[in-house]
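So, here's a batch of structures to check.
After this come two complexes, each holding chain A, first together with chain B and then together with chain C.
After this line comes the complex of A and B, so read on.
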């Protein structure tokens, strides 16, 4: 008698998803899937809208990383306008993107992941949450809240709103930075350093206790993709994409936003609304790759800021060759947070950041444009086509979660195979399977932005666990 | 003995005795006496058409509700501007406006500067009880400087009036009837190919985000219709 274990909803994720684990009659794990069960429709309903509305429209995809959508979208619009934005505007956007990365990583690490890490995978589910963390480790709870406040306050100071700021527009930003606001941001930096140091210290102390998880949490060779600068340092806002294989050798370098759709394709699986991105020359699924903090730190050779540089060197010692376990996404996130704070401080030290020229203007000069940026959870790509009047005729978005989708599914399978034996499992075991997905910090709301009829699978499971019927629409 | 009617009328608005010049509208007199009556299609400097019905008032002895913007004062009138009945009607009118087309404040250029949005807040509109019609209406982005998004148009006809009365071009007009009405440029030409003088007055007087400047994005688009009374004054002085 086969059995399906369903974890629905998967908790402490951004968006709605579920996991199913299919067991054979012998109780062995046959398959496991991570399903994204929501559908949004952004690509369809943006058709017919003027292109310059796209950043504010697309930002509404997500309340956690709206800045990444704003930036990728604005860059796609600037490709349509064929303008280069003023230096000050580029730096202001870079700072906004880093502030968002810090707050989003803080959310992922402290609010979503730390209950598992600090309280244990087997802890009582009633206390396995941020409030439980705050009760057990108040200083770390406060650090998490503090780092989120740091990022959100910078976003609010720059863009007037913490969520969905309207400040990023095609051509640059709407307002320059005032000295008073700059000083407010600078005043928050010492506390942010202290908070991230606390988190790094605490994480390194406990990471040793998770040896088993590290081995089976999506720990396998894959390709990796991220933005990178010409000097091979980490980049979130500009630069070009580099794809490396599981040994770190470059498969393709210098992938610009305009070239992205030639290099990358998107596959569809019947069990999820989220697509599966892959590198076209290698095909699907061989061309699948991982993005996000782990990919970025595996690809870059340098951080470009002193404190993060030291942490990167330590991170790269975690494994011979590339760091393969997705469990290390958590560690990578903390290193990136430290980098974000340092880089913001560095950007603010340049007096040109107060420049008044922050916006370029132009009409429709090309009928197609694409933009890319690193969202906290990985590479984000926006691609639009417009008519002569600048109205969107076609839009495609490739989201980090779609690019991590194959690895997430294989990771869920790997963990399920390891922990579920003879059809036996406990709540703590199922939590570990969920925790695999949490390491990727996927954003399901972002990833299910597409429209149209999507494949859907419904399993009918009887009370004793038997799959009675199964309907597949594809 | 002179039979000439007095030029001064006395009336009561919201239990306040006020005096007015003959020929003045209830709205004008109310504004002079700092009594606020909500309006949407009315704009100082343009003729009034009584289209939006938000300024409806009750007049004692008259079972009909009358629009304050086009109802002339009479001696001894007793006007009520803010009764429960009127508030209910105003909210219903706003609900009808919101349900009729696609007003998505969060992604509108006029978010935070929109007269429709402000009125909804002022009138305590918490829900739209009517089903949304979600019509598929077009966007005309053919003009080099401006865009019209019919999804956000409430057919107040301010653009039509400012173009005809102030600019003197009469490019804008209304096509169709009833719920199928839309504002058009010339004889339903694309705006970019019309006889538009590119003055931008229609954009400044539009109460919502239906007409907007292409260079303004996000919630970056406050409008400044205050130039109208000044323009009129200067013209009269010539």
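After this line comes the complex of A and C, so read on.
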């Protein structure tokens, strides 16, 4: 008789998920799944609304990466309007997107993952959280809070609000940047550099202690997808998509937002409200791929900013070919944070950032439009159709977490197989299985969401109904 | 004196209210000196504790699991705070109410799928027909509007709740803030 281990809820995650692990009668792991348990219906209830409302409505999909939704949505609207936004507006949005990347990576690394990394996978669950980190390693705890504050304060300075700013609109942004605000942002940069340097140093010191995790945390070949610039440097806001295989060879390059839905499809599995994206020519699941920091650093050839460039070179040394273990998402996130700070500094050094032309206006000039951007956790795609009056008639979104879904599920299985032997497991082992999911930084409110959180009580029952093992986490 | 117990819960919301809670930044670390965060998406507790002094709830009630959960939370919380517009009015999640769950699921998993089109039904919870705010299920003690309420709002309101001081909510925040 087979048995099931349920981890519910998976904690320190952006949203609600459960993990189930199926064991054979012999106690060997036969299958494991990561379930996303919320569904929200934005694709359907946006119908009938005016297209120019989309950015601020779609941002409410997610309070962690609302900026990515604002940008992808605004770009889809601009395709419908057939306008190109002013240079200053494009740079301001680029800065906003980078600020969000820094704050979201700080959330993922420090608030959600660092308790495992700095306190240990087996640490007391009652202190294994950001407050525990702040108590045990005050400098690092404060660096994390500081980096998140850095990103959120830039968003607030630009858009007047930290969460759900209304500043990004179809055609550009509503307000130019004032010199006073620019100077405020510039004044925060030295502290941000110091904080990220502290984090990189600490991470590199401890990473060696996680050899076993590195080997089994979704460590396998996959395809990868991310935005990239023409000069093959990293890009979060413009550029086109490149899909590479597990050796780094290009499968398809120059995928524009308009072409995305021809290239990528989505499959449904019965156990998750989040769909599974794949590259259509390869079919499902062979065409599955990973997105996000690991994918981006595997795909790009350059960062384009000096400090991050040196870190990228070091990152690429982690493995002989592409860096395959999802554990290295953590490292990639730190490199990208450094890049974000450098790039923001670079953008602000150009006086054109204070330009007054920040918004293009137009009506409906096309009945269909798509936009894409890199969210902190990976590629985000919005696709709308409208009628002649600009009312939305159809919408489809492909979010990062759906594109990582197959790898997350296989990663949970890989770790469960490695750690759960003869039906035996401990709290620390289950935490490791959860930690696999944390490496991907999935955003479950983006990908759908909303389950009840029940106590975690696992009973392993043998074929004759006898409880052979039992773990309760509370 | 033992520390006050604080919980934060996430039902059908976008996590924006939780992000705004975190936007207290260093003030959150100071707060942690006088309260224990005993249950939250940010900590590893899997079971809602028996006795919590203050529970902040984000989001509306949208699935059978949400409903079960909000009742349990009420039973074990002294002060229940509806945090943000979704918890108070249904806000964005309730936009699906005129459409109904079948059409929502059909669009996402049948029409907008290119392989294995099907409605997920294994382990995932059933959706309620209508998304409703939490006070339609249980008694709410404090309503903190905003989409999301600002970090300053959280800080002022929590300080008042912890110290038992006066709390003038309309002076702090409003719907859509």
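Worth a mention:
Here, the second predicted complex is superposed on the first by the 448 of 474 C-alpha atoms of A that agree within 3 Å, B and C clash if a C-alpha of one lies under 4 Å from a C-alpha of the other, contacts with A are read in each partner's own complex, and residues count from 1 in each chain.
Please note the rule applied: a contact is a pair of C-beta atoms (placed from the backbone, for glycine too) under 8 Å apart; a residue touches a chain by one contact, two chains touch by 3 or more.
Note that the coordinates shown come from a computational prediction; the quantities given were computed from them, not determined experimentally.
When the two complexes are overlaid on their common chain A, residue A:389 makes contact with chain B while staying clear of chain C. More chain A residues lie in contact with C than with the other chain of the pair chain B and chain C. Once chain A of one complex is fitted onto chain A of the other, the partner contacts of A:266 are limited to chain C, with no touch recorded for chain B.
Once the two complexes are overlaid on the shared chain, A:155 sits clear of chain B and of chain C alike. By the touch criterion stated above, A:164 is placed in contact with chain B and with chain C alike. When the shared chain is aligned, chain B and chain C each come close enough to touch A:60. Of the two partner chains placed around the shared chain by superposition, neither chain B nor chain C is touched by A:429. Contacts of A:79 after superposition: neither chain B nor chain C is touched.
Residues 57, 60, 164 of chain A touch chain B in one complex and chain C in the other.
Residues of chain B touching chain A in their complex: 106-107, 109, 111, 138-142, 144, 147, 149, 192, 214-215, 217-220. Partner chain A is touched in their complex by these residues of chain C: 9-20, 22-23, 25-26, 28-29, 32, 37, 41-49, 59, 62-66, 68-69, 92-93, 95-96, 99, 103-105, 107-109, 112-125, 127, 147-148, 150-151.
The touching residues of chain A, counted against chain C in their complex, run 8-9, 11-16, 18, 20, 33, 35-41, 43-45, 57, 60-64, 66, 107, 111-112, 115, 125-126, 128-131, 134, 141-142, 145, 148-149, 152, 162-164, 265-273, 275, 278, 280, 283-284, 396, 431, 445, 448-456, 473-474.
Of all residues in chain A, those touching chain B in their complex are 48-50, 52-53, 55-57, 60, 164, 166-167, 169-170, 174, 361, 363, 389-391.
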